[in-house]
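There are two complexes below, and they share chain A, which is joined by chain B in the first and by chain C in the second.
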Partner chain A sequence: MATTRILEWVGRIYIVLLLAFLYLPIIIMALMSFNASPFYQLPLEWTTDWYASLWQNDQLIAATWNSIEIAVITTIISTVLGSMASLALYRYEFRGKKFLQALLFPPIAIPWLITGTAMLIFFFGIGIGRGLVAILLGHVALALPYVIVVVSARLQTFAPELEEAARSLGANQWQVTNRVTLPWIMPGVIAGGLFAFAVSFDQFVVSYFLSTPGQTTLPVEIYAAIRKGFTPEINAVSTIIIVVSMALMLLTARFFKFGGEK
Partner chain B sequence: MAEQLAIGSRRGLKPALPLLLPAYLWLTVAIFLPLSAMVFFSFMTDLPLAGKEWAFTLGNYATFFSQSLYLTLLLASLRLGLEVTLWCVVIGYPAAYVLAKVLKGRSREAIFLLVILPFWSNGLVRIFSWAMVLREGGILDTALNAVLPFKINIDLMYSYPAVIIGLVHSYVPYMVLTCYLTLQAIDDSLIEAGRSLGASRLQVLKRVIIPLSMPGLIAGAALIFVPVVGSFMEPRILGGRTGTFYGTVIEDQFVAVFNWPLGAALSFILLAVVLIILGLAAPVLRRAA
Partner chain C sequence: MAGVQVANVSRSFGAHKALDDVSIDFADGGFYALLGPSGSGKTTLLRQIAGFDFPDAGRIAIGGESVERVPVEKRRIGMVFQNYALFPNMSVADNVAFGLSVRGEPKATIAVEVQRALDLVQLGKLGGRRPHQLSGGQRQRVALARAIVTKPRVLLLDEPLGALDKALRVDMQIELKRIQREIGITTIFVTHDQEEALTMSDRIGILRDGRLVQEGPPEEIYDRPQSEFAATFLGDANIFRGDAIGNGIKLPDGTTINAASGASVPAGAKASCAVRPERIQISAGTAKFDAGNANTLKGQVSKRIFAGNNSTYFVERDGQTLKVIVQNTGAERLAEGEPVVLSWSPDSTVLIAAN
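And now, the complex of A and B:
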C-alpha cells in the first residue's frame, strides 16, 4: 500500500525533527563553548580557552567537588538502604505494605520547589540549618524512592523458589541473601545506584534552597552565574555536565531497560 | 511442611522492620516531617527562632486571598502548565506512535533511548542552552537572517514563548515515554481488524488507538503538569521580567524577601492544588502501572 509507506516515511522524518528539537540547543551550546568570541559571534573560531579558564575558577572547582562528593555519598547510602527496603517489601507480607509502597510516590511527584522549601524550614527549625549536611540529607531522600522502584522492578523477575531451595539445602538467611538473591538483583541495584547518582548530581532545586555561599553544588553555582550574566565559561562547564550526565544514563540503560523487558 | 515454614517466615512486619526502618526513617526526617513542618509554619506570624516573638495566625492565607496578585499568578502558572502539557501531547504523541508502531528492532531501541536521554540530563543546563539559541543575535536569529532575503529580528529571549519552548523541550520526553508504553501494548491485530472492517485510518485512530492509549496520555499529562506549575528556574532564566509566576514568587519569599511563613502558606496552597490533580489522575495512573 503506497499510502502506508508514505505515512511511514512522514513518521520517520517527524522523529528526526523531534530529535533535532531535543538536541540542537545542546549541540549549539557545546559548539559555543569552543568559540573564541565571548559574544558568540560566527563564524566559529576554535578555542579551548574557556575550558582552560575553568581551571582558574576556584569557586566553580570547589562546587564541583562538593557535587561529586555528595553524589557519591548519596549513591552509597540510598543504594544500600533502598535495596534493603526493596528486599523487605518483596519478601514479607504484612499489613500496611501497600501504604508503605504508596509513600514512595509523593517524594517523586511533589514539585521539588515544595519539597525544597519544606526541607529548608524544617532543617532550620531543628538546628541543622543550611549547608552540605542538609543537602546530603535531602538528596538521599530524593534518591531513595527511585532506588526502591528500580530494585523492586528487578525483584519482580526473581523466582522466590530459588530462595526456598537454598534455604531447604541448609543455607541461613545471610547466605541466601548474599549468594542467591543479591547476585540476581545486582543489575537492578547498579541501575538504582546510577539513578541515585544522576538524581543527586543533576539536582538543582533542592540544593538551591539548602545551600549557603561557601557550601554549594555545581548546578547552584551555575544558576548564580547565569543570573549574573552569560559567559562562555558557563557554556564550557554546562557542556561538561551534560556529557557526564548523558554518559551516566547511557550506562544506566545498559542495566535497566526503560521500555520494559523485551 | 517445608513450604509452610518458608511462607510462615514471610509473614509479619517484625522480620521486615530492620530492613525497612532505615529507609523510611530517612524519608520521614527529610520529606514527611518537613512537609508537616511547612503546614505548621504557614500558620505562624514569624519563625520561632532566636527568641523571636511568634503567634498563630491565619494572616498568611488571608494575604493570599485578599491580594489578587497571588491568585492571578497561581492562575498564570496553571495556564502555563496547561499550555506546556498540550504542546507536549501535540508533539510527543505522534512521536510515541511512530516509535511504537512504525519503527522496529534496533533502530526503535536506539531512537527511544535518544529521545529520553536528554530528559535524564541536567535540566538547568538544558534550559540555559536555549538562551544561546533564542537571544537576539543568537543562533536562530543569525540562521534565519542568513537564509531569508529580508532582515528580521528574532529576539524571543525573555518572553512568554521562550518559557514555553524551554519547558516543552524539558518535558516532552516524558509524554513520549508514557504514551510509548501504552501504545506498544496495543495489539496490532486490533488495528488491522478495524481497517479490514472498513474503518478509515482516522476512525481507527479515534475509536481504537486513542482510547486504548488514554492511560499513557493522562499519566504523561499529570507528570508534566505538576512540575510545570511549580517551576521557577525556567521562567527566571528564559522569561526575564515577563517570567514572574507562582513558583518565582515562592522562591522570592525564601531567598529574597525572607517572609518564610508566607512562603510556606503559598507552598502549601500549591501542594493542595497538586494533590488534587494527582488524586484525580491516580486511578488512571494506577491502571497504567
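And now, the complex of A and C:
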C-alpha cells in the first residue's frame, strides 16, 4: 500500500515537472509581453504598450501575414496532394511502389539546413530564385511526406470490404471515395493538415535560405529583429501566435476526438 | 431477377489455379450453395460472378447477358459480406439507402424503399442507429436489407453467417430462406459449413482445388456422391476401397460389398464404396443374420459416444475404423470392446470410381 502511494506521488511530481518544462518558458514569455520593462525587470509592471507598438511595426505584421498565407496554402496543397497520393498507394499495385514509399522517409530525416541549401541552388538553377513563391514550393515539398505518412497510417485501419460493398451497390469510383473512404480517413487528413501547417508555420531554416529582405516570413523576421536588438514586441507577437495556434489545436482535437472515438 | 450461367471459367493467380474450367448453371429464383474447404475456389467464383475480378477464360452471364468484363458497379448484383461491411460513418437507414442514393433516386422514393427493406428484415424501428450499436444478428439483417433494396438481379452471400453464434445462425438460416422466398431472388451462397448448405439450398455445388466436384440437389449429392471427396465433405461416410466386381467391390480380405447405385466401373479396376453411418445396423456379434442381399461385416466396438438422441459407435474392422450412428430407440446399448456385426443394404451403398 505504502509503495503504491509513493509511486502515485512520484507520478504526480513527474507530470508537474514535465508540464513546467514544456510550458514555463512560454508562460514567462507571455508575462513579459505585458511587462513595462524591456529588460525583464521584476516586479512586473502591467502594460499593453508592446502590443500597441507591435501594431505599428509594419515589417513584423507583413511577415506575419506572409507566414499565415504560406502556411494556409501549403496546408491546402499538401493535404490534397498527400491524401490523393496516400489513396493511390493504398489502392493500386504498380512497379516501383515499394521504392516510392521508401523515398518518402528520407526528406523527413534530412536536416533542413541541407534541404534548404539544395532548394536554394535548385530554385536559382531553374530561374525561380528566392521569394515567397520559392518559400511556398519549399514548404509544400517539406510538408508532403508528413501528410502521406499520417493519412497512410489512417488508411491502414480502413476495411477494404467497405469499398467493395459500395461498388457492389452501384457506386462509381468517385462516389466510393467521396462517401465511404474519405469520411473514414478524415481524421487522418485533418491531422496531416495540421502537421503541414505546423511544418510551414514553424519553418525557419528553409525559409531563411529562400527569403529576400522584402519577402520574408515571421520566424525569419523575428530572427532578424533579435539580431538588431531585442524588443518585447517579439514577446507580444509570439504570445498572440501561441494563443491562436493552441486554440486551433484544441478545437480540432475536440471536433475530431483524436484517438478517442472509433 | 435472373439466372446466372458460368461456363468454362478459369482464373489463375500467378502459378495457382484458383478456378479451373468451372461451369455451373444457376437457375432463376434458386437458392444455391457453393460448398468447399478453404482454398477450394468458392469465394473466387463468387467474386467472378460479382465482378470484383474477371476470369482469364470462360463466360459469365446474368439473365442471358454476358457480363464477364462488366465491373461490379454495373452488374446490378446485391452482395452480403462475411463481416457485413456496413459503413461505420452512416446510420442504418443511410446504409440501406446508399445503393439507391448513388443511383440518384428521389429522396421520397428512397425513404419508402428503405423502410420497406428494413421492415422485411424486421428492423423497421432501428433506422436511426449506428452499425456499432447493433448486435451481430442485426448487422447481418442490415447488410441483407442494403443488398436487396436496389432490387438486384442476383443476391450473393459470402459466408454470411460465419460470424454468428450457433443459435443465432440457425435463426438467421430460417430468416434468410424466408426473405429469399418472399422476393424470389436468385441467391448464391458461399459456405464451408455443410449443414448450412444442406438445410438451406435447393442445389449445392461442391468445389475442390478450383474444380467443381459435383453439383445437384442436396439429397442427390448426399445419397449418391460421385467421389470420395463429395461423400466425406458433405456429411460423414464410411469408405471401403477394393477391386470392382460389377455392382460392388471385393475388399483385400475377400469380403464383397454390393452397391445398388453409383458409377459403372469395369471389373478389376480400383473402386470404392461409400456408406453413410446412419444407414448401418449394428448388432451384438452373436445375432443371426439373414444374409440375403445385405452387406455384412464383423468388427469390434472401440468407442461409443452418447449424444442424447443418438449414439456414435466406432467399430474396428481389418485395420479400418468404421462409424455407425444409431438412433436412441431405447434398445440395448453395446459396450466398448464387444464383438459386433454390421449390416446394411446395397441400396444404401454407392459405388465410386477411384480417382
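Just so it is clear, the second predicted complex is superposed on the first by the 238 of 262 C-alpha atoms of A that agree within 3 Å, B and C clash if a C-alpha of one lies under 4 Å from a C-alpha of the other, contacts with A are read in each partner's own complex, and residues count from 1 in each chain.
What we mean here is this: a contact is a pair of C-beta atoms (placed from the backbone, for glycine too) under 8 Å apart; a residue touches a chain by one contact, two chains touch by 3 or more.
Bear in mind that the values here come from a model prediction, so they are computed numbers and not experimental data.
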item	value
Partner chain in contact with A:Arg227 - chain B first, chain C second, else both or neither	first
First, second, both or neither for A:Leu81, with chain B first and chain C second	first
Chain B versus chain C as contact partner of A:Gly96, first or second or both or neither	first
Chain B versus chain C as contact partner of A:Leu24, first or second or both or neither	first
Chain A: partner with more touched residues, chain B or chain C	B
Chain B versus chain C as contact partner of A:Ala159, first or second or both or neither	second
Chain B versus chain C as contact partner of A:Asp58, first or second or both or neither	neither
First (chain B), second (chain C), both or neither touched by A:Phe209	first
Touching partner for A:Arg167 - first (chain B), second (chain C), both, neither	both
Those residues of chain A which chain B touches in one complex and chain C touches in the other	164, 167-168
Chain C-touching residues of chain A, taken from the complex the two chains share	159, 161-162, 164-172, 175, 179-180, 183-184, 262
Residues of chain A defined as touching chain B within the complex	7-8, 11-12, 14-15, 18-19, 21-26, 28-29, 32, 39-40, 42, 81-82, 84-85, 87-89, 91-96, 100, 103, 106-107, 109-115, 117-125, 137-138, 140-141, 144-145, 148, 163-164, 167-168, 198, 201-202, 204-205, 208-209, 219, 222-223, 226-227, 230, 234-235, 238, 241-242, 245-246, 248-250, 252-253, 258-260
Chain A contact footprint on chain B (complex, rising order)	2-3, 6, 10-13, 15-17, 19-20, 22-24, 26-27, 29-35, 37-38, 41, 47-49, 91, 94-95, 97-99, 102-103, 109, 111-118, 120-126, 128-133, 137-139, 142, 169, 172-173, 177, 180-181, 184, 201, 223, 226-227, 229-233, 236-237, 247, 250-251, 254-255, 260, 263-264, 267, 270-271, 274, 278
List of chain C residues in touch with chain A within their complex	50, 52, 71-74, 76-79, 81-83, 85-89, 98-99, 102-103, 132, 146-147, 150, 156
